[in-house]
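What follows is chain A paired twice: with chain B in the first complex and chain C in the second.
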Partner chain A sequence: MSCHDRILLDDWHAVADLEQLKSGAHLKTELFERVLKVSIQPNGMPAVTLCAEGRDLPVQVKYGFVWTSLGTPDRGIIDIPEALEADRYLVSGGSFPVKVSGLRVVENFLDMGHFPFVHTGWLGEEPHTEVAPYQVELTSDDEIIATECFFHQPVASPTADGGIEVEYKYRVYRPYIVALYKTNPLYPDRMDYIVLFIQPVGPESCVVHNMLCYIKEGMSEPDIRWFMQLIFAQDKPILENQIPRRLPLDPRAETPIRADKVAILYRRWLRDHDVNYGAIPAA
Partner chain B sequence: MTTDLQSNWYPIASSSDLPKRHVYQAQLLGREFAVWRADDGYVNVWENRCLHRGVRLSIGINNGTELRCQYHGWRYANRTAGCTYIPAHPADAPARTICNNTYPAQEAYGLVWAGELAVGELPAIDGFESATVLRPVPIMAPQKMVNQALLGYAWDDTCESAENSDGSVTITATDGSAVRVFVQPVDSNHSVARALYNRKVAGEERIALLKRHSWLMQELRDRTETQAARQETPAPYEPVIAKVSEDLVDIPAISVDGRKADLRVQVARKEMTADGIASLRLEAIKDQLPTFQPGAHIDVHLPNGLVRQYSVTNGPGETDHYTIGVKREPDSRGGSVAIHDTVGEGDVLAISAPRNNFPLRRDAVHTIFIAGGIGVTPLIAMARALNAQGLEFEFHYFVQSDDHVAFKRELSEFEGALNIHKGQSPKETGETLTEVLANPGYARHVYICGPGPMLEATRQIAADKGWADEAVHFEYFKNTTELDDSNSFEIDLARSAMTLTVPAGKSILDVLRENGINMSSSCEQGACGTCRCGVIEGDVIHQDVYLSDGEKAEGRSIMTCVSRAASNRLILDI
Partner chain C sequence: MIKLYDYELSGNCYKLRLLMSFLGVEYESKLIDFYPGNQHKSEGFRQINPLGQLPVVDDDGLVLRDAQAILVYLASKYDASGKWYPRDNPALLGQISQWLAFADGITATASAARLHDALFYTQIDVDAARAGANTLFRILDEHLYFAEEAGQDWICPGDHPTIADIACFPYIMLSEEGGVSRMDYPAIRRWCDRFKRIPGFTVMSGVFPAGPAVSGSIVSAA
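== the complex of A and B ==
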């Protein structure tokens, strides 16, 4: 099954972590089941080649990742002002291959209800399981924003000391790019930022690249990476046990509850944009 | 073709694959199953995905009575596969229609049998009544090819094989020993040969038997897989995942089922559990009883035409019966007397499915239960649910004397959390409650059920001690409010786009029913909460005892059986 969704083909996708790429000569990876070779040229710039045709693809380097497109991008890579703030670290937690549709990964990222069960003792713990009502909207920029998301967490971040009520804000920029803003325990008025750049390898597999923009104070880069890997390692076995692996867009395929408000809008938004790759289209 | 395959019974597991509290992953015709045995011995064969987000239930937790999904902690009941709890919304009762897909299953001859559309009983396997289950052998080949190969299976020169009408193969030797092999079609190119040996053997003899057949089966497997590899691999089965019911698409789901008594149950046991209190164990006559949740009640339609509500006292996963407690009321209008005097063991009663208007939150750090007399029944079910989850609670039970303590066996489960207060005067009760309710706080909740005056007093003490309205949950037995139905007003039905007039002497519920609008109800006296309806606009004269004072002041819902409009018009969310 190849990708026919223009909105995806004409977009930029992260395909390699530049630091990792520099440590090896080149790497082979896949985007929409097309094999790509990503290499470093003598001038230090990365190049991306579509192996089957030997054709060079457009390349950009941003946020420490190599980005490419199989089509003709009609918009740029997303803007992340937090990445330019000097008092924040820019850390990647690592690029994680996952045997599930990237759309399922986005939906899991938007979900608070699983914290007490999947991230027990870290992002949630029983009996504090309630997902309080929150706000969801589709912005004029065609992004999905969820706000006023509060959750009781035992260890909300690498530096958190004891349980706190954490506030989240979620943002879906593109079908395969999702971010969250989260209470910083030291600065109540600022938020840490985590974004996932998900590389659709196939309809049922992906690589989850990520960037963490944490406020530096009281934090170290190894701790940030360790925490991200801990949390993602808890998500991965759940994600890989979802049946079907692709995200079903038919409203009657699965059973939503109020806590899934943002996921319901996400599925509808994918339907409205004819995003079928990684999805099971509604009949 | 596929349909024929689906209607057959196949072994999908050995009984020994289901040790205590395990969940086994099986597969038939491409469809995955989560197979688990509850502590009462019942074997559940369910579709291997949680209805919420599709996560495999085989990675879930079998707690002996329920299966819990690893992803969001949704709980599904033994037997019914109905969802009993959604932790993300602890104050809500899950819609009864949230029910996992179950498949016909039987356990016999040391094997677990299932079929996607199998009907009737598993046919008897003559000559294998006392058999030994051989080691199952997976073979990467189509079922038919394996069956064909089995016709050549032999452990000595005297073996003769024959295919049975169900597709299995029996191999018999002249010494009378026989093996019958059933081939489980896991997928189009993946089978498991599951065999029975016609004698029960143990110890060394069994080990030798298993070794011998494992060896022979391995040879058969190699031959068959080689043969299968030479052929084109058939496309895998693509099992259709059934859609969830229409009413679950929009959230939240509200069930509409009127005051019906669709279920027929038999009184399996009736005994006096305390002075003046009978406990009745009700079992389904056929089919499975629907899922209940702690706090739920059922309507019991009595032989004398009266309808009464009784709370279910069952613990989690006790899904093969409902147990209720009935107190003989001295001023009975005929309900409790009928149950005490005329209903006996073996009698059939018509009951409604359980409804839960007194839901239990399970996100509290501490829960206080306060029961007065027969009000203990819903609280027993609640405390048993918390107890099973290891959540902290204390249980206060006010009774006249030791003879009035009902359900002692169930109460004994609570051990140190149980406090029985005997023979206290109203004043002493008030003092005890003042102590019990001394410390309101974050994530602390109180559940009260008992006679009206005690309930009123307890709510007042809780309010005085600073307990928030939302943290105090209560259920009245009956509404003693003097009802006034003398005014007339209009109701606009926002969703049905109808305007109706409610005349004096009729309730909103009556008028809705007369106009063909299906509205659930149960007690029809403003106590149980079943006929609750949203109010979009207009002022309400609340005459019920279900809503809290805060909810009444808010004016966003109405009990349509007793409450009325204070204004000329009400806009209802129906």
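== the complex of A and C ==
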């Protein structure tokens, strides 16, 4: 199944972590099942070649990642002001291949209901399993925002010292790019920021790149990375055991509950934008 | 205090976290950025372990590498009951050593397949690694089946698990991340559930706790 979704083909996708690329000089990867060679040129700039055709693809470096597009990008890479704030770290927690549709990864990222069961003792714990009602909206910029998401978390962040009531804000920028803002335990008026740049490798496989913009005060880079990997590796086996591996877009598939409000809008938004890659289209 | 050079996603580090949790031994984790930082291959870390591998422990100046070797050391030193590594039982010690070596084979196969699939170790021949893992799992599954038939719960004879169980557990439990299913190994699956119910059991990312145990009366009624 090759990708025919213009909105995806004409968009930018992260395909390599620049630091990783520098340590190995070049790597082979896939985007929409097309094999790419990502390399560093003598001038230090990365190049991306579509192997089957020997054609060079457009390249940008942003947020520490190499981005490319298989089509003709008609909009830029997303703008993340948080990444430019001097008092925040800008750390990659490592890129991880996952054998499931990237759309499933987005939806799991948006879900608070699994915290007590998958991230037991960290992002949730029984019996505090209720997901309180929250707000969801589609913005004028065509992004999905979920706000007023509150959850009690035993260890909410690398610097957490005991349980706190955490406020989340979720944001879906593009079909395969999702972020969250989350209460910083030391600065209740500021939020840490985590974004996933998901590289669609195939309809049922992806590489999850991430960028962690934590407030520096009281935090160290190794701790940020450790925490991100700890949490993500708890999600991974759950994600890889989801059946079907692609995200069903039919409203009658996988009956949602109230806590899935943001996922319901996400699936509808994917349908409205004719995103079928990584999905099971609605009948 | 014992210092463990540690990486959360390493099954070999997890072996030591497990034993120290079973024994109630306190330790301090020194986090090594294995991925993506490759810190275990750095000049600095090679001063600690020239092989550039995790885990390493430093116990009051004694620096040891190799998960199996460290299991032997920690159990010998800190297990007052002597059950995890019974130093006065030559036959059992021989069997434990045999399965510790077997665990190294699991690392070379099941763990290698996981590194390939999960952490971009693309140079690994993943088909060979998976085939090797299946060969070992088949052998262990048969061994555990006959052990169960003889009324034994653990890899080595006796009424208590040994460090052989600890050494084999992590990369079996994580095998699906490398595309090695445990579907065909029912005795291994039952052993994994028993292992998860050992008092003091702790999880790592990718390993989940056992569900509530089925009570004995239900088992005998069935």
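As a working rule, the second predicted complex is superposed on the first by the 283 of 283 C-alpha atoms of A that agree within 3 Å, B and C clash if a C-alpha of one lies under 4 Å from a C-alpha of the other, contacts with A are read in each partner's own complex, and residues count from 1 in each chain.
The rule is simple: contacts are C-beta pairs under 8 Å (C-beta built on N, C-alpha and C of every residue); 3 or more make two chains touch, one makes a residue touch a chain.
Not measured: the values here are computed from a predicted model.
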Partner chain in contact with A:D141 - chain B first, chain C second, else both or neither: neither
Which of chain B and chain C A:T129 touches, first, second, both or neither: first
Partner chain(s) touched by A:Q229 [first = chain B, second = chain C, both, neither]: second
Touched partner set for A:P116, first chain B, second chain C, both or neither: first
First (chain B), second (chain C), both or neither touched by A:D189: neither
Partner chain in contact with A:S23 - chain B first, chain C second, else both or neither: second
First (chain B), second (chain C), both or neither touched by A:P97: second
Partner chain in contact with A:E53 - chain B first, chain C second, else both or neither: neither
Partner chain in contact with A:P237 - chain B first, chain C second, else both or neither: both
On chain A, the residue positions that both chain B and chain C contact, one per complex: 237
Residue numbers on chain A that touch chain C, as the complex places them: 17, 19-20, 23, 27-28, 92, 94-97, 99, 120, 222-223, 225-226, 229-234, 236-237, 240
Partner chain A, residues of chain B touching it in the complex: 32, 48-49, 51-56, 59, 69-73, 86-91, 98, 241, 243-246, 248-249, 251-252, 361-365, 389, 391, 443
Of all residues in chain A, those that touch chain B in their complex: 107, 113-114, 116-118, 126-131, 237-238, 241-244, 248, 250-260, 264
Chain C to chain A touching residues, read off their complex: 8-9, 31, 33, 35-38, 117-120, 122, 176-177, 204-206, 208-209
